[in-house]
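Below: a set of structures, written as C-alpha cells.
Shared chain: chain A. Partners: chain B in the first complex, chain C in the second.
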Partner chain A sequence: MLSDWTYALQDWRTYLSAAELTFNLSLAAFALALALGLLGALARGSSHAVLRAPAACYVEVIRNTPVLLQMFVAFFALPSAGVHLSPVQAGVVALGVNVGAYLTEIFRAGIQAVPRGQREAARVLALGPARTFVHVVLPQALRNVYPAVVNQLVQIILGSSLLSAISVPELTGTATVINSQNLLTVEDFGIAAVLYLVMTNLVSLAAALIARLAFKPPLRTRVRPRTLNPLRRLVPARREA
Partner chain B sequence: MNVRRSRQALALCVGILAVSLLAACSSHGTSANTVQSSTLQKVIRGGTLNIASCLSFAPFGEVDSSGKAEGYDVDVATAMATALGVKVHVIDTTSADRIPNLLTGKVDAVVCNFTITSQRATQIAFSNPYVVAGETLLSKKSAGSTSLAQLSGKTVAVTKGSTDGAAVQTVNPQVKIQQYDTSAAAVLAVKQGQADAMVEDSNFLAYQAKLDPTLQVTNTSVVPLEYNGIGVRAGDPTWLQWINTWLLDFNTSGKNKSLYEKWFGIAPAFPVNPSY
Partner chain C sequence: MNWSTIWSNHGLFTSGLEGTVELAATAVVTGTVVGLLVAAVRTSRVPVLAQLGRLYLEVFRGTPLLVQMLFIYFGAAYQGISNITVYEAALIALTLYEGAYMAEIFRAGIEAVPRGQWEASRVLGLGPVQTFTTVILPQTRTIVLPPLVGQYLSLIKDTSIAVVIGYVELMRQGQAVIDRTSDPVAPYLTVAALYFIICFPLSLAVRRMERKAAPA
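Then we have the complex of A and B:
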C-alpha cells in the first residue's frame, strides 16, 4: 500500500505545477471578482436607475445560472462572437464574473450595515460624498464583510476544479489525467485533496494575519458563547420586583 | 489562539487519516475465483447486466430524444444481455472513469471503445477485440491540416484517459495538448476554433465529419491501430471466458458486422483480429 503512495507521488512535480496554476488563476479570478463586486455594489446603491438596473441584471443573471454553464459560454460560445479566450483566460473570466456577482451582494450588505449616523456625521463635518465613502463607509463595510469575502476566495479555489471541463490543466483535471495513466484512484485524488486542503488553509491563515494587521480593534471571528449553568436555562428568569 | 490553531492542525490530520483509511479499504478488494462467486452467476441470478458505456461518443454511445441510451456499444451490450437472458442496464461514463467503475464494482463490464493496452491490463482484464479503430485527425476544412507534423505549436484536443495524448506527443512533441472530459467537448473545441485539431477514434470522427460538412478527417491513422475489447474486473476467469465465447459467436454469426453497418453506414475498415 505504501508503495502505491510512493509510486503515485513520483508525479509530484506535475501535481505541484497544477496546484500552482490553480492558485494563480484563483487569485487572478478573485482580483477580478473584487473589482466587479465593489463596482457592482456601488452601482446597486446608486441613486441613478441607469446604474442600478444593469447591476441588478448582472447579479440576478449570474447568481441564477450554474458556474459550469458560464464557463462553457466563456470558452465555447464566445468564439462565435469573435472572442477567442485561451482556456485559462476563459476560466479566470468565468470564475471572476461569477464570484463578482456574489461579492456585489456581500459588499452591498456590508455598506448598508454601516449605521446611517456615520454618513450624517461625515456630512456634518463637510466631507464630500467620495471622501465619505472612502474614509468613513468603506473601511467599516470591509470590516463587516471580511470573513464572507475570504469565504468567496476559498470558493474560487474549490470552484476552479470545474475548469477541467474546458481543458484547463488545473489540479483536479491533472489528477484525473494522472489517474488514467497510473490507475491509482485513491492515491491520486488523495494527493489532490491534500493539496487543496493546504491551499485553502494557507489562504485562511494569510487572511487571518492580514485581518490582524489591518483591522483595529481586531476582528472577532469567533464569538465565544457565555457559559451558562444548564439547569439555570430551564428555570424562568427571575422577575425583578 | 493556541486552541484554535491546534484544532486546525487536528482537522488537517483527521483529513489525511481519512484519505489513508480509504486507501487501506481499496486494497482489500475481493476477487472472484470460483464459478459460484463469478460475476457471471451474479448477473444471471440478479437478472440485470450493468454496463458502463460512454454516451457522449456518438455513434458508439449517445442518448436519444427520449433520454434512452443508444449506439453501437449499447447494442453490443444489449446483445450480450440477450445472450445471457437478462436485462441490460447502461450507465453513462467517461474515458477516464472506465477503470474506476470496474474497480469499485459499480458495473459488471465496460463496453466503451476500450482500447486493449498492457498497462490497463495490470488493473483490469480485457476480452478479445470486437471493434478495431485507427486514430485519425479531425480539423476544420479551412485549416487544411492533414498530419500531426503540420501542427507544431498548434493545439490538439484529446480526451482525458484516452491513449491519444501520449500517442500524439510521441509522433510530434511540439504539439500542445488540450485534454477534455468527453469527445463531444473536444469536437466542440475544434468547431469553435479553440483547438486546431483533435485526435480520436476513426469510426467516431468519420461520423462527426459526416454530420458537419465544415470538418474534415484524415484517411490514414496517425497512430498504430487500436483493438478495442470489453473490460471486466481482473481475477474473474469464468466471466471473462464467457464473454470471449460469446464474442466468438457474435463475430462469426455476422451480428457484429451488421450492427457496425447499422451505426456507421460503412463496412468495418479493419479486420477484428490482428494479423502479424
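Then we have the complex of A and C:
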C-alpha cells in the first residue's frame, strides 16, 4: 500500500505542473468572469431595455444549462460558426462566460444593497453619475459581494476539472492519463484531490488575508459553526451563492 | 446545421432525458437525506461525529465532482468491487457532493431557530429526535427552501458530468446524434434547450421563494 503511494508520487512534477495549469486557467477565467459580471450587472441595472434584455437572456441561458455543455459548445460547435479555439482557450472562455452570469447576479444584488441615500448624498455633493458609481457605490458593493465572489473563484477551480473532457491537460486530465499508465486509481485521484483541496484552501486563506487588509471596518467574518449558539439568531443566516 | 435530423433522432433525446431525470430525481432524494443527516450531526453536540461531519464537508466541497466520480467508479474496481455500474457510481458521487452543500443549507436553517425552542421542547418532554423533526425542522422552511431548490437545480445540471464515466443521459445522447449527423450545432442546442426547459421553471420558483422569504 505504502509502496503504491511512493510509486504514484514519482510523477509529482507532472502533478504540480498540471495543478499550475489548473490554477492559471482558473485565474484567467476568473478575470473574464469578473469583467463580464460587472458589465452584466451594469447592463441589468440600466434604464435602457436594449441593455437590460440581452443581459437578462445571458444570465438565464447560462445559469439554466450545464457548464459542461457550454464547454462542448465552445470547443465543438463554435468552429461551425468560424470560431476556432484551442482547448485551453475554449475552456477559459466557457468557464469565464459561465461564472460571469453568476457574478452578474451577485454584483447586481450587491449594488442594489447599497442604500439609496448614498447615491442621493453623492449627488448633493455634486458628484457625477460615473464618479458616484466608482467612488461611492462600487466600494460598498464590493464589501457586500466579497465572500460570494471568492466563492465563485473556488467554484471555477473545481469546475476547471471538467476541461479534461475537452482534452485540456489540467489536473484531472493529467491524473486520468497517469492513471491509465500506472493503474493506481486511488492514489492518482487521491493526489489530484489533495492538490484541489490545497488550492481551494489557499484561495480562501488568501482571500481572508486580502479582506483584512482591504476593508477598513473589517468584514464580519463568518461565525464559527457552533452548536446551537444562541447568538446565531442575531446574525441573519446568509446564503452561500 | 440541419434541424430535420433532430426530429428524426428524437428517440435518442427522449431516452437521454429519461436517464437524466432518473439520476437527478434519485440523487435529489438521497442527497437531501445525506444533507439532513450531516446537518443534524453537525449541530448536535456529539464530539467525534460532529468533527467527522466537518471533515466530510471539507473534502467533498473542496474537490471537484468529476474527481469524486472518477475516484468512486474506477476506485471501486481497484478495491475489488468490480460490479459497480456507472449509474451507481454517478449516484453515489452526486449524493455525497450535493449532500455536502445541502448539509450547510440545512445547518444555516437549523441554527437560525432560537435556542429557546429546544429548551421549550425539552420542558414539554420531547426527546431530541422528536424535537428536531417536529419542532425545529418545520421552522426552517422559509430559510432552507430557496437555497435548497437552488441546489437541486445545480444537481440537475451536474448530472451531465456523469457522461464522462459513460452514463447514458441527455448529453451522451446528444453526442450520439452528433456522431450520426456529424453536425455539432443543432444537437448541442437541442440538448441545451431541453436542460433549459427543465431548469428555468425551477429558477423562477427559487426567485419567487426568495422574494417571499426576504423581509419586505
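In this text, the second predicted complex is superposed on the first by the 222 of 241 C-alpha atoms of A that agree within 3 Å, B and C clash if a C-alpha of one lies under 4 Å from a C-alpha of the other, contacts with A are read in each partner's own complex, and residues count from 1 in each chain.
In the analysis below, a contact is a pair of C-beta atoms (placed from the backbone, for glycine too) under 8 Å apart; a residue touches a chain by one contact, two chains touch by 3 or more.
Every value quoted in this text rests on a predicted model; they were computed, and no experiment measured them.
Of the two partner chains placed by superposition, only chain B is touched by A:P87; chain C is not. Shared-chain residue A:P169: touches chain B; no touch with chain C.
Legend: residue contacts after superposition of the two complexes on their common chain; A:L27 is shown touching neither chain B nor chain C.
When the two structures are aligned on the shared chain, A:N201 is found in touch with chain B and with chain C. Taking chain A as the reference chain, the count of touched residues is higher for C when chain B and chain C are set side by side.
In the superposition on chain A, contact is made by A:D4 with chain B only, not with chain C.
When the two structures are aligned on the shared chain, A:A148 is found in touch with neither chain B nor chain C.
In the superposition on chain A, A:V177 makes contact with chain B only, while chain C stays out of contact range.
When the two complexes are overlaid on their common chain A, residue A:L158 makes contact with chain C while staying clear of chain B.
Shared-chain residue A:V186: touches chain B and chain C both. Counting contacts as defined above, chain A residues 76-77, 80, 164-165, 176, 179, 183, 185-186, 190, 193, 197, 201 meet chain B in one complex and chain C in the other.
Remark: chain C residues 1, 42-45, 50, 54, 58-59, 62-68, 70-71, 74-75, 77-79, 104-105, 107-109, 111-115, 118, 143, 146-147, 153, 157-158, 160-161, 163-164, 171, 178, 183-185, 188-189, 191-192, 195-196, 199-200, 203 touch chain A in the complex. Chain A makes touch with chain B in their complex at residues 1, 4-5, 75-77, 79-80, 84, 87, 164-167, 169, 173, 176-177, 179-181, 183, 185-187, 190, 193-194, 197, 201, 222. Residues of chain B touching chain A in their complex: 4, 8, 12, 15-16, 19-20, 22-24, 26-27, 95-96, 99-100, 103, 119-120, 122-123, 157, 160-162, 165-166, 178-181, 185, 188-189, 192-194. Across the interface of their complex, chain C is touched by residues 60-61, 63-69, 72-73, 76-77, 80-81, 154, 158-162, 164-165, 172, 175-176, 179, 183-186, 189-190, 192-193, 196-197, 200-201, 225, 227-230, 232-233, 236-240 of chain A.
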